[in-house]
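Structure record follows, encoded as structure tokens.
Note that the chains are named A, B, C and D in the order they appear, and that numbering of residues resets to 1 at the start of each chain.
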Amino acid sequence: RDKKVDSDYEETVKKAKEAWKVWADIPAPKRGEIVRQIGDALRQKIKVLGSLVSLEMGKIFVEGVGEVQEYVDVCDYAVGLSRMIGGPILPSERPGHALIEQWNPVGLVGVITAFNFPVAVYGWNSAIAMICGNACLWKGAPTTSLVSVAVTKIIAKVLEDNKLPGAICALVCGGADIGTAMARDERMDLLSFTGSTKVGKQVALTVQERFGRSLLELGGNNAIIADTLYGPLHTKEAVKMFLDAVEQAKQQGGSVVCGGKVINRPGNYVEPTIVTGLPHNAPIVHTETFAPILYVLKFKEEEEVFAWNNEVKQGLSSSIFTKDLGRIFRWLGPKGSDCGIVNVNIPTSGAEIGGAFGGEKHTGGGRESGSDSWKLYMRRSTCTINYSKDLPLAQGIKFQ
Amino acid sequence: RDKKVDSDYEETVKKAKEAWKVWADIPAPKRGEIVRQIGDALRQKIKVLGSLVSLEMGKIFVEGVGEVQEYVDVCDYAVGLSRMIGGPILPSERPGHALIEQWNPVGLVGVITAFNFPVAVYGWNSAIAMICGNACLWKGAPTTSLVSVAVTKIIAKVLEDNKLPGAICALVCGGADIGTAMARDERMDLLSFTGSTKVGKQVALTVQERFGRSLLELGGNNAIIADTLYGPLHTKEAVKMFLDAVEQAKQQGGSVVCGGKVINRPGNYVEPTIVTGLPHNAPIVHTETFAPILYVLKFKEEEEVFAWNNEVKQGLSSSIFTKDLGRIFRWLGPKGSDCGIVNVNIPTSGAEIGGAFGGEKHTGGGRESGSDSWKLYMRRSTCTINYSKDLPLAQGIKFQ
Amino acid sequence: RDKKVDSDYEETVKKAKEAWKVWADIPAPKRGEIVRQIGDALRQKIKVLGSLVSLEMGKIFVEGVGEVQEYVDVCDYAVGLSRMIGGPILPSERPGHALIEQWNPVGLVGVITAFNFPVAVYGWNSAIAMICGNACLWKGAPTTSLVSVAVTKIIAKVLEDNKLPGAICALVCGGADIGTAMARDERMDLLSFTGSTKVGKQVALTVQERFGRSLLELGGNNAIIADTLYGPLHTKEAVKMFLDAVEQAKQQGGSVVCGGKVINRPGNYVEPTIVTGLPHNAPIVHTETFAPILYVLKFKEEEEVFAWNNEVKQGLSSSIFTKDLGRIFRWLGPKGSDCGIVNVNIPTSGAEIGGAFGGEKHTGGGRESGSDSWKLYMRRSTCTINYSKDLPLAQGIKFQ
Amino acid sequence: RDKKVDSDYEETVKKAKEAWKVWADIPAPKRGEIVRQIGDALRQKIKVLGSLVSLEMGKIFVEGVGEVQEYVDVCDYAVGLSRMIGGPILPSERPGHALIEQWNPVGLVGVITAFNFPVAVYGWNSAIAMICGNACLWKGAPTTSLVSVAVTKIIAKVLEDNKLPGAICALVCGGADIGTAMARDERMDLLSFTGSTKVGKQVALTVQERFGRSLLELGGNNAIIADTLYGPLHTKEAVKMFLDAVEQAKQQGGSVVCGGKVINRPGNYVEPTIVTGLPHNAPIVHTETFAPILYVLKFKEEEEVFAWNNEVKQGLSSSIFTKDLGRIFRWLGPKGSDCGIVNVNIPTSGAEIGGAFGGEKHTGGGRESGSDSWKLYMRRSTCTINYSKDLPLAQGIKFQ
């Protein structure tokens, strides 16, 4: 282990923890106003940030801008949310008692993001985490560090213009060693991790070992890469994996009815590909490919194809195309799709920030962005207050 | 491993899984009606069940009845809930699209309970799990198996009177081997575990290893045993642990100002005990004692004593006694108590079924009974339906 | 005005107001337990009450029982609700302040019901109103007074068995004079009225005149009478109105393709009737008939028929029969049906107690039973508490 | 009646209704984005608008700016809300059926505002109404018409820059005649009225007569004028009313312990005034004064002073100053303050946009801005969809 890396990490975490003490005392609607300003600052720099994403990660420019737009949108969403988060006052069964469900920030939220969404995923996490009253410590992918630095600087300027410490949104750069340190660190009150199922499992186990909180967006996350159909793949290695997948699909009984080849031009371009004729349990069907390959299967019974859908280990998203009213509702029902995102008549991509985003099973079970996902960034206390006239006189605290 | 035990377990799980297929198709309000009947059947047998709890576990009769009453109450609560569970319809940002948050049962809920609450904890879990559309598989403590059998028979009769399979609420008897099998079993769609922090951690890691769901009520759970002040301890061993704790408290600087001795009568009775003069970080203060010992500490600054409260690893419940309005709100706030149950002017016991019950940190983070705890027994899908006129013609399903 | 009637009314209202003071202090979950017992007491007498409804009002026995069952069901629903009602704690924009949305009972709820639902409507109102902490004053239809008396006695027994005043659910018998008195009476903190649009309007204006609260279920309410297809009409007069409606339909261009005649047997039986060929704006189509007549209209454009649906003054319920996904969602959308109950592929009857029941426009706008209808029986305060250390010393109250 | 005024009104309403058809089809989150742009446009012109308010209405500049800031804030709030509004999917008691609570815009919202809050009240109404999918027709006070025109132009520019009709937010200028026309007009799907109790009652009765919807903020609304302590009164007439009130207070037994006089400088300045010694039922205590006069009363019993608070006909806001925990909760409880805004340790002013704003009794019962007030700008349908396989074949619509 590099001592400089270790001491940098230590110092960053300490500063973020100190910054939290200030941030937690800012009323939530005021925190919302800061997040609005962050959204506005990103909006003003959206083109240059979009270009940076495109350059560094390999998405086309429009999609780079689209990612920043998602961050901007979730900031605007979080502003309203900052006046709404809170639990109910519940009726107590005892006279002279109040029963209150209180929500408080967890403290410091570690956010580890992956190369394929170098901006939006941090945006979903940090905008919501911030209005909830948390400080953030971000570790982006080592291959997209410029984007992380640029975004963090924009946020820090807004915070400092408001006379708040920039360390409320801190950044650490590094690889697996820093990720492991964060997973082990008791001071990460929540660790939000986006990445592969394999690494994600290790992160989850390490955090569980210390009874910490984790929020996982794994594996299937990349399903959305159906969107980058016309962008290049990220690396030469990804092109090799694409060709391997096509080859395996053929060996397992599939026919390539469209695409299947590398495109002969600079950059890592491959053809969008459709494979038919595979059995539902062909290994390749159950493997993530990180590439634009669609496997088309035939089925006889609805129950059969719903079961095929659910036997895949990933659980991010699945789509049905039908006008049959009954089938649609059964698809949404207890014996239908077991994914976190369930679509009808649209592709598996295309989540909106207003709905909770995330997947089940090997996709990790986490949820980000809309609906009640803010609860994952807070801790709940069920509080009973005895306010009756015959209060005991002694004062003190009891803990167990 | 005993083959007979293994094959019994296998058969029980299979039957419960089959029973689920029937139960999931029953509309939720009809499931609520069944749960109401279960509550009524328990109400009719409340005295005999209370006696059984008292005999087998060692609580006084009144508390045995109290436990059954909690089960009855949560059944009544669940009846109303069965007409309310469901997510919102959210506004979609796309014309001709509907955005729906759909909640479905997870499937089979394993419930492992501990000796000290042999009825109520299963009640909290099963009543809510059932109206959500889940089947249950219960493993009670080996030392309270008669109570488990009696309760399961009462439930089965209600189910069968309604022409439903009794296996919707199945029971397995056994020890750690069965518990481990449940933790490993992919068919336990959720595993609710109540018990020690040590075993609970192992359960959580095993379930996480297979990307399953767990709900933990650990350690601090026993804090509530402050209530059984006048009942005997569970075993001779518990008496020894009480005496050890008193001895350690003395060695670490404490003075026993009241109690501290075993009571000379048949049964495992000990004196309620108050210890003063210990430093806040004395090891014994941070150790669960499963016995009626109260440590009284002095403090100067509010921040100081809030910090002492939070440095304890358990996070179930804590109480403050004060009439100071500001102190109360700060106690409930981001820098106040970090427990799941936070009380003001009442002892740490006394949770109500309308509020979510459970604790943070080494207490496991799970929540049972009221508020939105039903969400833990369900899985959420964010669904987008494209209903615009220009729907694609092809029908099919896409999964990733 | 009859002096005896006046003084009886005065005394009843006074007793109910006094009873409220006791009831408002009972914790909501305890009120829920009382309502559960009321539901149980009705369940035990369901057959005899169903017979009484059938005898007095003219429904068939099964429907009489069905009405009592609705009361029983809403009691069970209200039990769970009694642990849930309450507003959120909202984030305040000021440090050291808490923002709380507090809900309190309105006080005394007057409930005026109509002949056609002599039990269920009172059940929907009183069960929810009771758990919210209100006392009730019921005026049933003069033609169904035995049912009102029987139900009130059953409730009173439960209350008194629990050592509570029976006047928490008080009854006044009488006609329009008592109804008018209730509308004018400042002590009716909410007046829930079910009846004709004409009388309902007068009630609403009288209550508005004193800035009171009203909840109206008018006119269209009787649409559900499509259900009593095989029961007799209520009176000879209703038979005459049926024959008149059929005659008018013919004169306005309609053809009777089925039914249209009185059935020659004792009791007021008429044939279920279908009329075709009427223009959408034929006066009879817009008139309530209180009888089993269905007008079938042809349309070319979806927009056209949606508009016809909405040009009717009543706004209780409307149904569409289609499998067209887009049409269904447009039917539910901003330019679709403007009714309170909107059905797809089922008739206009068949509301469930879990959803808010009521209609728009000349149906009055009120909502009863499920969802958040409990809010109509409560008043809301937005409360700000300053708990900061630098509180002012002076104590007092300021009102404006 | 002036024909030109009539035809202008007609044309404006028609255009707003046409504009609604476009606006209702814009997805809610896109409407939110437009409202965000409106907020931003107001933010850029906040100083000039604040000056205009100050000039035209008589508030000090800071308060003029403060009003515009409230409009800006509620726009930001509404952006987040635009992705959240929607009802729940409820569990149906019938297999193969879905129960959905659908919320739709009411259509055209008339907004009549008063002189004292010439900007903020329109902001609260229009920002929420707009994201709900409504068009607005605003009639400001005749004495503050420049502010109305300026704000409407700013909104229209944003709408038109987004290629939307400016008439989505239409403006009519005029006095009582236009107000009456709006109250009578069936095309005002909701009429939000802020003004005196006397006029408000007439508006409510007129709207009720046609079974329309109204939202009233009356009388007590002016309680907040405690805020304008250092600004001048609106007119010479208001100064006279102030002097009259002081005189009456003296005649009814009060002593002026501070203030009570007109300040000798240009503008309508008066001294902040405190009166003691009045009995709780002195007529002047129950009269709105639109001026900075505080009546200080003594009390013996808590119940007594709570009752005094509630015997006032206005029900907007009331404050208590105390550190007594029990008294605070009783003040918030069923027998405490019956106002819509209930404060503890802060004055009666100072509502936040996150909480519902409005008052009870003669204050009208309406609620604006935060919490679930959006529901007042929408209509609810409880929808049941039968999606079972055995659907009927015939297609059609049934309405009643």
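Note that in this section contacts are C-beta pairs under 8 Å (C-beta built on N, C-alpha and C of every residue); 3 or more make two chains touch, one makes a residue touch a chain.
Computed from a prediction, not measured in an experiment: that's the story for all the values here.
Peer 1: What chains do chain A and chain B have as common neighbours?
Peer 2: Both chain A and chain B are touched by C, D, going by the contact rule given at the top.
Peer 1: Please identify which chain has its centre, taken as the mean of its CA atoms, farthest from the centre of chain B.
Peer 2: D
Peer 1: Provide the C-alpha centroid distance between chain B and chain C, rounded to the nearest whole angstrom.
Peer 2: So the centre of chain B lies 39 Å away from the centre of chain C.
Peer 1: Centroid of chain C to centroid of chain D, CA atoms only: how many Å?
Peer 2: Roughly 29 Å, centre to centre.
Peer 1: I'd like the Å distance between the centres of chain A and chain C, where a centre is the mean of that chain's Cα atoms.
Peer 2: Between these chains, centre-to-centre, one finds 46 Å.
Peer 1: I need the residues of chain A touching at least two other chains; which ones are they?
Peer 2: In chain A, 25, 29, 83-84, 87-88, 90-94, 97, 100-102, 323, 325, 328, 352, 354, 370, 385, 387, 391 touch at least two other chains.
Peer 1: In their complex, what parts of chain C are in touch with chain D?
Peer 2: Those residues of chain C that touch chain D are 21, 24-25, 87-88, 90-94, 97, 99-102, 104-105, 133, 201, 204-205, 208-209, 211, 213, 220, 223, 226, 288, 294, 296, 299, 305-306, 308-309, 312, 314, 316-324, 328, 331-348, 350-352, 354-357, 360-362, 364-365, 367, 370-372, 379-387, 391-392, 394-400.
Peer 1: Taking the complex as given, what residues does chain C use to touch chain B?
Peer 2: For chain C paired with chain B, touching residues are 29, 32-33, 36, 76-81, 83-84, 96, 98, 325-326, 328-329, 352-354, 370, 385, 387-389, 391.
Peer 1: So in the complex, the part of chain C that touches chain A is made up of which residues?
Peer 2: Spelled out, the residues of chain C in touch with chain A are 25-30, 82-95, 97, 100-102, 323-325, 328.
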